[in-house]
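As written, the chain order gives the labels A, B, C and D, with residue 1 at the start of each chain.
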Amino acid sequence: MKLPFKSVALIGKYKAPDIAEPLLCLAEFLSAQNLHVVVDSLTATYLGQHPYTVLPLDQVGKVVDVAIVLGGDGTLLNIARSLSSDKVPLIGVNQGRLGFLTDLTLENIQVSLLAMLNGDFIPEHRMLLTTRVMRDDVEVFHSLAFNEVVVHRGNISSVIEFEVRIDGEHLYHQRADGLIVSTPTGSTAYALSAGGAILHPSLDVIQLVPICPHTLSSRSLVVSGHAVLEILMKTPRNVRVRFDSHTHFDLLFNDKIIITRHPQSACILHPQDHSYYHTLREKMLWNQSL
Amino acid sequence: MKLPFKSVALIGKYKAPDIAEPLLCLAEFLSAQNLHVVVDSLTATYLGQHPYTVLPLDQVGKVVDVAIVLGGDGTLLNIARSLSSDKVPLIGVNQGRLGFLTDLTLENIQVSLLAMLNGDFIPEHRMLLTTRVMRDDVEVFHSLAFNEVVVHRGNISSVIEFEVRIDGEHLYHQRADGLIVSTPTGSTAYALSAGGAILHPSLDVIQLVPICPHTLSSRSLVVSGHAVLEILMKTPRNVRVRFDSHTHFDLLFNDKIIITRHPQSACILHPQDHSYYHTLREKMLWNQSL
Amino acid sequence: MKLPFKSVALIGKYKAPDIAEPLLCLAEFLSAQNLHVVVDSLTATYLGQHPYTVLPLDQVGKVVDVAIVLGGDGTLLNIARSLSSDKVPLIGVNQGRLGFLTDLTLENIQVSLLAMLNGDFIPEHRMLLTTRVMRDDVEVFHSLAFNEVVVHRGNISSVIEFEVRIDGEHLYHQRADGLIVSTPTGSTAYALSAGGAILHPSLDVIQLVPICPHTLSSRSLVVSGHAVLEILMKTPRNVRVRFDSHTHFDLLFNDKIIITRHPQSACILHPQDHSYYHTLREKMLWNQSL
Amino acid sequence: MKLPFKSVALIGKYKAPDIAEPLLCLAEFLSAQNLHVVVDSLTATYLGQHPYTVLPLDQVGKVVDVAIVLGGDGTLLNIARSLSSDKVPLIGVNQGRLGFLTDLTLENIQVSLLAMLNGDFIPEHRMLLTTRVMRDDVEVFHSLAFNEVVVHRGNISSVIEFEVRIDGEHLYHQRADGLIVSTPTGSTAYALSAGGAILHPSLDVIQLVPICPHTLSSRSLVVSGHAVLEILMKTPRNVRVRFDSHTHFDLLFNDKIIITRHPQSACILHPQDHSYYHTLREKMLWNQSL
């Protein structure tokens, strides 16, 4: 990380024109702090006239020291995947609804940002998963995931069958609606809906959470972040692998999905008063009762 | 039920030509007991030359006193839905793999059947659900279900939203992968995979089991079999309602699904040594440990 | 039920002297409606001078048409067990915290009560369980329960073992912390904590919910309210059976606990705007999320 | 670890005289390999005449290079706690029932042991938890745990209340039967019964699993092995903290339990064909179905 930050990217939620006004306001504030402001080209389409540098997203990461993302956790996930190879740290700003990754709000942003841009922040490294789909020993698809890789039946009504291996060893055959391979970040997303444990985001672990397994004796499993996971499809068709609800690929019988930790992490910067557990209680009503 | 049984239907699993030999063997045995044997026309296509009456399935129910179904639980479910209006009791025969509904096996069948055809059986009435899909107050689809009615996102990657009402009263809004409305019979099928309680098949109740709800505070709910359940779709498209993994219908925004108990039950005949709990332990490894 | 109500009992939470003022206020209001007011003798000890009839609790039920209970659900449960043989309907009034059974609040009570005492109410019959503990074929203890009967290890650190039978048939052997046998009323109490399904209070069913079973393949089971349940203790000592967290009895090896539905139900009267599901959402944050 | 092993301890299950014969047989075999055999004094009481060195358990660890434990996982846990400060690696031998830690059987032991004593093994380091109970800032109890630390209501019938903090930060208040703080080793023990995820034993993490929490919105949490956990008792009495079902201590209101990872790990040696996942499938019937 290059400190102090001298150039900053501003990236807004996709297809959200109402981001224009707060984003321009923020850009003006940052410029006034003598920061070089860069806007990605998609965001720029909503901004009208403005004096800031515009670059395509895949070049933004090469020129800025830090990126500020306005949107929800979903937007930050998408940007983090895109910028992961450039090691640019990210600051997430939500538009009203608290997120696990976007814990600044537009209201209080200027004071918090000033402190953070001066180096007063908590950096957090969050792992990504990298997945390759092999068909007859040839890679036919690959993708990154921040939250989870999901193997799921598509529109078919019956369960799918697959085998799971870890580091070359047989783990289990399963008949289920699917399987979630989740990072700690993803443990509060789809994996939580399917009954997985909550994993602190700092952990170097991967959780396997079955989706509606057709057995009474299934249970989530947490393994090392260094594990090599393989899923072998035993269902002829209509099975899909999804990445962060973002991209997907349709699978065939005997396709092999290989999932490992990505060598790069995403680096999220939080303000000093950030509390993961506070967000967990506020956002998920964790352990709340009357 | 007309006792003693004088005419009996033989119905085999769909698209399973290997059913021919045991079915002909069984037909011969029944004929030798002076029973009139009827075979449904689909099953008959596998049988070659034979002396038995052949009728389409929708007419079989009108002429026989009892129907013997060879196949698994899935086959029996399909036949039960088709014959439910004719009140014909059913006897299920599995081909090796124990079922909840098909608890006779081909091996021991002759002795057991003799006793049962003479009236020595345990009759069991299993409820069905009837569902109407309303669009702008017009019924656009209807179907029966023996196990469950499932509202489920199709191939879309995000959660669906819907409201559930019971007897006209608001129950909850939910964001989830879907919802299972299950009969007691269905409680050992998909509802079990999604975490529902096991319901004894004799109960007059309906269970609502959420599928991967996006909240920590969801829980299955068991209500009276006389409840009127309504599900209002709040997701624009790509949502599907399925009936017993058998038929389905694609839903639109604001479609209303009305689910009630069907006035007719299916009547399954079991041998005297039938035990539901034995099947539960054997088939689902319920409460088994080393 | 004798309508219109002419005599009414007022019963306050045990060891809660602050119940005195609202209770006297309520008594005055009821007297002004020409109702004969009876106070149970325990409650009376907190009231100072007053003009109302005082009777021991076990005689109250024989002289009044309806009993109003001030306290929480726990208080109402205790009174319901005591009065169950007298078939006196109960009205529950909470002191601020909404209950499933106590859905009137002191604030709005006069208007609601007037309507209810004139017959404008929703009666709800809630089952009780009756339990006998047999030791060498002799009954050594018996008790009623409104919520649940719990077999639980006491202070011992290891699991207990027991066999469960239903209607004379073997259900399972289990090694666990214990077992909850719950009424529908109890399904939102301890059974909910242990993972059981929520059962609508009108149902005539019993739910068996294992507590920390030492197996992956356990699941709650819902059976008919007419079932005869037997639990056979296979652990030498330090096992306890509890009734509604109210009374308990210490068990020995081979003790047999026989649980059936009590012939009498408790009758709770609710105001016309009562909603069980509203209470479920408000009190248990059921299906709530941000 | 001192290789090659020159002296070996033999330690048998406590109060299990039938261990004598196989243990003497094993001692003879080891002596014949020119290993110096030491027997702990408790085990020796069952052996009659024999030529081997006898030492109290707390001195055994100081003189041997490796300890072989005959018994189940429970026995190995007890010995591991006792020997943890001496860094002696352990080999577990079960008497017929496969264990997670005791994966040699008496039948095949000689061949496997020969290989292992020659250095052909998989070493596995398993964390221990160290716990201090503070009362008015004074330590009143401390203990090690290999599986889990459990805070649990004793014989009282109501829930207990406590606050949990992590690294000085408030996590949650909880009303529950108790809380399990589990190592990865413990994730297949009591934590599994209470619904926790399975954690691979190599992980440096701690899992918090609530026991029958009185809320719908609880969920297991996995945190770093370097976390400092504090549990503050908010229930006046009758609460107990237990360590591996081995020792316990009775708590009072405001007692503070501080749990951290112990600086030493236990080192278990496995044969080369050891598979944790195989044991999981065999012993827990994990993901098994018909």
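By definition in this document, contacts are C-beta pairs under 8 Å (C-beta built on N, C-alpha and C of every residue); 3 or more make two chains touch, one makes a residue touch a chain.
Keep in mind the model is a prediction, meaning the values are calculated, not measured.
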item: Greatest separation from subunit C - chain, by CA centre; value: A
item: Separation of subunit B from subunit C, taking each centre as the mean of its C-alpha atoms, in whole Å; value: 37
item: Length of the line joining the C-alpha centres of subunit A and subunit C, rounded to whole Å; value: 48
item: Chain centre separation (subunit C, subunit D; CA means) in Å; value: 42
item: Subunit A, residues touching no fewer than two other chains; value: 192, 213-219, 284-286, 288-289
item: Graph class of chain-chain contacts, one of line, ring, star, complete, other; value: complete
item: Subunit B - residues contacting subunit C, complex; value: 166, 169-175, 192, 196-200, 202-203, 205, 207, 213-224, 275, 277, 281, 284-289
item: Partner subunit D, residues of subunit B touching it in the complex; value: 97-98, 215-219, 282-285, 288-290
item: Complex contacts: residues of subunit C adjacent to subunit D; value: 154-155, 157-159, 176-177, 190, 192-195, 211-217, 240, 242, 245-246, 248, 284-286
